[in-house]
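Pasting the structures in now, so scroll down.
Across the two complexes that follow, chain A remains constant while its partner is chain B and subsequently chain C.
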Partner chain A sequence: MNYILKKEDFPKFLELLKKKFGKVIVPAKNETGATCFQSYSGQELFLESRTDFSAKEFFRPAKEKMFSFKKKSSSFEVKSEHDNTKKVLFGIRPCGTHALSTLDELFIKFLGEDNFYSDKRKNTIIIALQCNEACENGFCTSMGTSQASGHDLLFIERGHDFFVRAETKQGTDLLDPTLFKHTSDAEPSSKIECKNELDIEGLGENLYANFNHSVWKEESERCLSCTSCTQSCPTCYCYTSNDEFVFGSGTESERFRVLDSCQLQRFTKVSGNHVFRPSREGRLRQFVLHKFSYYKKYHGMHLCVGCGRCITACPVKISLVDIANKIQKHPLEFQKHSLEAKK
Partner chain B sequence: MSVKKVKVGFFSLTCCEGCEFAVFDLEEKLLKAFDYLEIVESRVLMEKIKPEAVRLDISFVEGSVISKHDLDKLHYIRKKTDFLVALGACAAIAGINGIRNALPEGVQERMKQKAIIPVKEKAFSLSAFVKVDYILNGCSVNELEFLDFLNRVLHGVIPRLEEVPVCFECKLNGNACLLLKGIPCLGPVTYAGCDALCPGQNAQCIGCRGFTKDANFKSLDNLLKEMGIGKKERFNLFTYFNPLPKELRDLRGGSE
Partner chain C sequence: MITPEKPLLAEIISISQDTSDTKTFEVGFVDKKLQKKFSFMPGQFMMISVFGFGEFPISISSSPYKTNSIKFTIVNVGNVTNAMHKLKKGEQIGLRGPFGTGFPLQKFRKKNILFVSGGCGLAPLRSAIYAVQEKKSEFGKISVLFGCKTPENVLFNEDMNQWQKENFNVLSTVDYPNKNWKGNTGVVTGLFKQVNFSPENTIVMICGPSVMIHFSLIELRKKGFRNEQMFASLERLMQCGVGYCSHCNIGNKYSCIDGPVFNAKDLEKLPVKEN
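And now, the complex of A and B:
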């Protein structure tokens, strides 16, 4: 069913959601000038393009308490954490909805239910916002992620109003009849054309086969290992865990799950202080191959949704599209690596 | 249950004593730890210190070694301490005192001659002379990092030094990148632990927590050059708190 929401009624809609759910997450500018998702409290929204930082923070937070434990005389008392706050996420772009589906594949289907992720996922209603124009570095048309999927409502901006397509029951329930009117208009066309193009035909296999390609070294030479790429990425999920003592208690501790980055040497530091992926070249290759080769092999989909955030965020302009295209166009003559044979 | 308290001392070599103040600024948060520790020596906290003080479990030493007096004091502290912690940039990497190490030889020599007290030819970090067991870096030291260190040590765990750049924490906080805005910043080559305090306030990182082992100086220098930062400014920025990295030798002397 399709609806129309007038733009002047839009703030009313957000207020209504806030009243009903308590927490509405919207794209906006923070005080440093970066665009990210934050709780709605009447601030000006950023609706021009996709945000600099993804909505990952609300599903896989940078730091999240998993459980706390307390030493008793002969045993431990463990208290697990659950996040059951209902919330609405507005303004996630089609690429973002695909990023969530990609993470669902791992944290819900493959690993069994990871309750820290699935709790948040189940309790969040997703309102996607269609892109009318291609963003700066995006390549979603190549990745097949330019149309939203797995959302509850889809908003399409057109002149003075939003065209709203309801996908699920819980989405339809949000549509207050005083603000939303039925429409029989045809859905506005939402075909965009990205400047960046990536040929994904056999990409994973080809990148892995070119494990020793010179492009890895050339591109990684200027990498600062600042981790901007992995942290702005909506699908980079790699984490580590930390124990923190409750100050002065002597018997209580808490465990946190903390976002990590494959661009750091400490990521592969194992016992005895051995780092098994020390080179910058290896770290950059891991980032790209995990996205296009390994995830594809084990989960049947790319771990990249073509949002282009890693390209925008990189201070030294390293682009995974350029790397992939260079290899697609000029592959090694002698290829000794094969993804098929990889265990 | 009576607990044997950990004996702690605070010492200052040549510095502004700011790190000690930053630590005591924790006030009530620090008081919680007093069930487990006892401060035996501190010039800032105590009116009178018994000179033949007891053996120390942990010493926090701030300041650089610039004179023989400093050096003697450092050896004395090391001798009676089990676990020595370099507190702040001056102690850990020579910090502000180390600026003179990057000056031309002639200027250094004149400074040495004109100094009121006899000084060494250079300013040194503690590790140049004695074994340093742990480093709490920064100018001034991050009081929350200090508290976390104390918490872990009192639980019998020696924390790992986190080998991540400032950018990592900066991005965790959702800050816009200063380098992308065209502001020179040493975030990519500097150790984190400060919660990206300066870049979060739109101020450039000047490397007060020391350069990372994994730093890519050449690339950062190229980037700053492309941004239109002159050779002298780049030299000054890189040597603000740290010795000039050997990859950037070319920055020394002369103008562009």
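And now, the complex of A and C:
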């Protein structure tokens, strides 16, 4: 069923959601001028393009409490954290909805549910916002992620109003009849054309076969290991777990998982200070191969949704699209240089 | 698998000091029913939580046929293992697991077995050696090769004596001998010439530093061993044990779910030594 929401009614809609759920997450500018998702409190929204930072923070936070431990005489009490707060996420772009379904593959479907992730996922109603124009550096059309999926409502901006498509019952229930009117209008065309193009035909296998390609070294020479790519990525999920004492308690401690980055040496450091991926070449390759090759092998899809955030965020303009395209266009002869032949 | 995420309480039953920096902890689940149900394959690992300090992966070093308790041989090398070493009998830790693949011992029946270990790499192999010892009649000749830095680092002396009594061919070597050392010196690959059985009917299990694994495989291939006959257990940083954290990613495999025990055929295809 399709609906129309007038733009002047839009703030009323957000207020209504806030009243009902307590927490509405919207795209807006933060104090540094970067755009990210944050709780709605009447601030001006950023609806021009995708945000600089993804909505990952609300599903895989940078720092997430997993357990709390409490010492009781000679025994310990182990408590698992549960986040059951209902919330609404407004303004996630089609690439963002695909990023969530990609993470669902690992954290919900792979080895049983990861409660910390699935709690947050199940308690969040998702209102996607269609892109009317291609964004800078995005390549969602190549990745097949330019149309939203797995959302509850889809908003399409049309000048004076929003065209709203309801996908689920949960979504339809949000549509207050005083604000939303039925419409028989045809859905506006939402075809966009990205400037960046990536040839994904056989990409994963081809990149892995070109493990020793010279492009890894060439591109990584200017890498600063600043981890901007993995921080801004909506699907980068790798983490480290840390225990911390609760300050002043003496008997309590907590375990957190903290987002980690494969671009850092310590990511593979074991006791005795041995690092398995000491060079930037190896670490950049790990980033690209995990996205296009390894994840696909286990979960059947790319760990990349083509949002282009890593390219925009990179201070030295390393682009995974360029790297992948270079290899796709000029692969090494498999026999001569492949991993197997080198041994 | 027992719960992928929440650590379960276990109590330290006994502690033995193996060398100056290595202790073997015998632990048992606080929940006795859990302990009764517990089973594992030699070569599998568990995640130990020292509450307030963190979690680390460690191989099980006790026999898979004696599951009234679980033994872990732990070297004091980092923050969490240091905290572990300070724990005393009766104190509690958290356990998750067992995780990963083990050595597929049931496939090795009627074969000669060669164990190659370096340093604390003997710990995960000890579990496999115990299992072979338990069903000795089902296997052929058994050799245990062990290399470490100094005579003070030699692990499991009692076990080695016992294995010798069982007619296992036990050979050890050290890099830096002292006056009292009567055994071999040099790297563990130097012991291969003292093992006299044909490559055809032999299975090799290796665990140790990655350099040792690398050169052992090279030397054994020269002796005519095929990749299918050789298995190695790899060390990697692990934070989850279930393929979530990606620290242990080696090429297109995860050490925690596809390993830590790999066949040499797989190892050949993986970028084990990345630059």
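In this section, the second predicted complex is superposed on the first by the 332 of 343 C-alpha atoms of A that agree within 3 Å, B and C clash if a C-alpha of one lies under 4 Å from a C-alpha of the other, contacts with A are read in each partner's own complex, and residues count from 1 in each chain.
Here, a residue touches a chain if its C-beta (ideal position, glycine included) is under 8 Å from a C-beta of that chain, and two chains touch if they have at least 3 such contacts.
Please read these numbers as outputs of a predicted model, since none were measured by experiment.
Steric overlap between chain B and chain C is absent once the structures are superposed on chain A; the two fit side by side.
Look at A:S261: by the touch rule set out above, it reaches chain B but stays clear of chain C. Look at A:Q130: by the touch rule set out above, it reaches neither chain B nor chain C.
The partner that reaches more residues of chain A, of the two candidates chain B and chain C, is C.
Contacts of A:N206 after superposition on the shared chain: neither chain B nor chain C is touched. Once the two complexes are laid over each other on the shared chain, residue contacts for A:H290 go to chain C alone; chain B is not touched. In the superposed model, A:E221 lies in contact with chain B only, and not with chain C. Touch criterion met: A:Y239 reaches chain C, while chain B stays clear of it. In the superposed model, A:S54 lies in contact with neither chain B nor chain C. When both complexes are overlaid on chain A, the residue A:N115 reaches chain C alone and has no touch with chain B.
Shared-chain residue A:S142: touches no atom of chain B or chain C. An angle of 70 degrees, to the nearest 10, separates chain B from chain C at the C-alpha centre of chain A in the overlay. Closest CA pair between chain B and chain C after superposition: 7 Å apart.
Comparing the two complexes, residues 244-245, 269 of chain A contact chain B in one case and chain C in the other.
Interface residues of chain B, counted against chain A in their complex, comprise 29, 32-33, 35-36, 147-148, 151-152, 155, 162-165, 167-168, 171-172, 174-177, 179-181, 187-189, 200, 202, 213-214, 216, 219-220, 222-223.
By the touch criterion given at the top, residues 4-9, 30, 49-55, 75, 77-78, 81, 90-92, 94, 210, 235-237, 239-240, 242-247, 249-252, 268-269, 271, 274-275 of chain C touch chain A in their complex.
Residues 30, 32-34, 36, 52-53, 57, 62-63, 221-228, 231-232, 244-245, 247-248, 250, 259, 261, 264-266, 269, 280, 313, 315-316 of chain A are the ones that touch chain B when the two sit in their complex.
Residues of chain A that touch chain C in their complex: 66-67, 69, 71, 74-76, 78, 80, 106-107, 110-112, 114-116, 208, 211, 237-245, 253, 255, 257, 260, 262, 267-272, 274, 276-279, 281-282, 286, 289-290, 293-294, 297-298, 339-340, 343.
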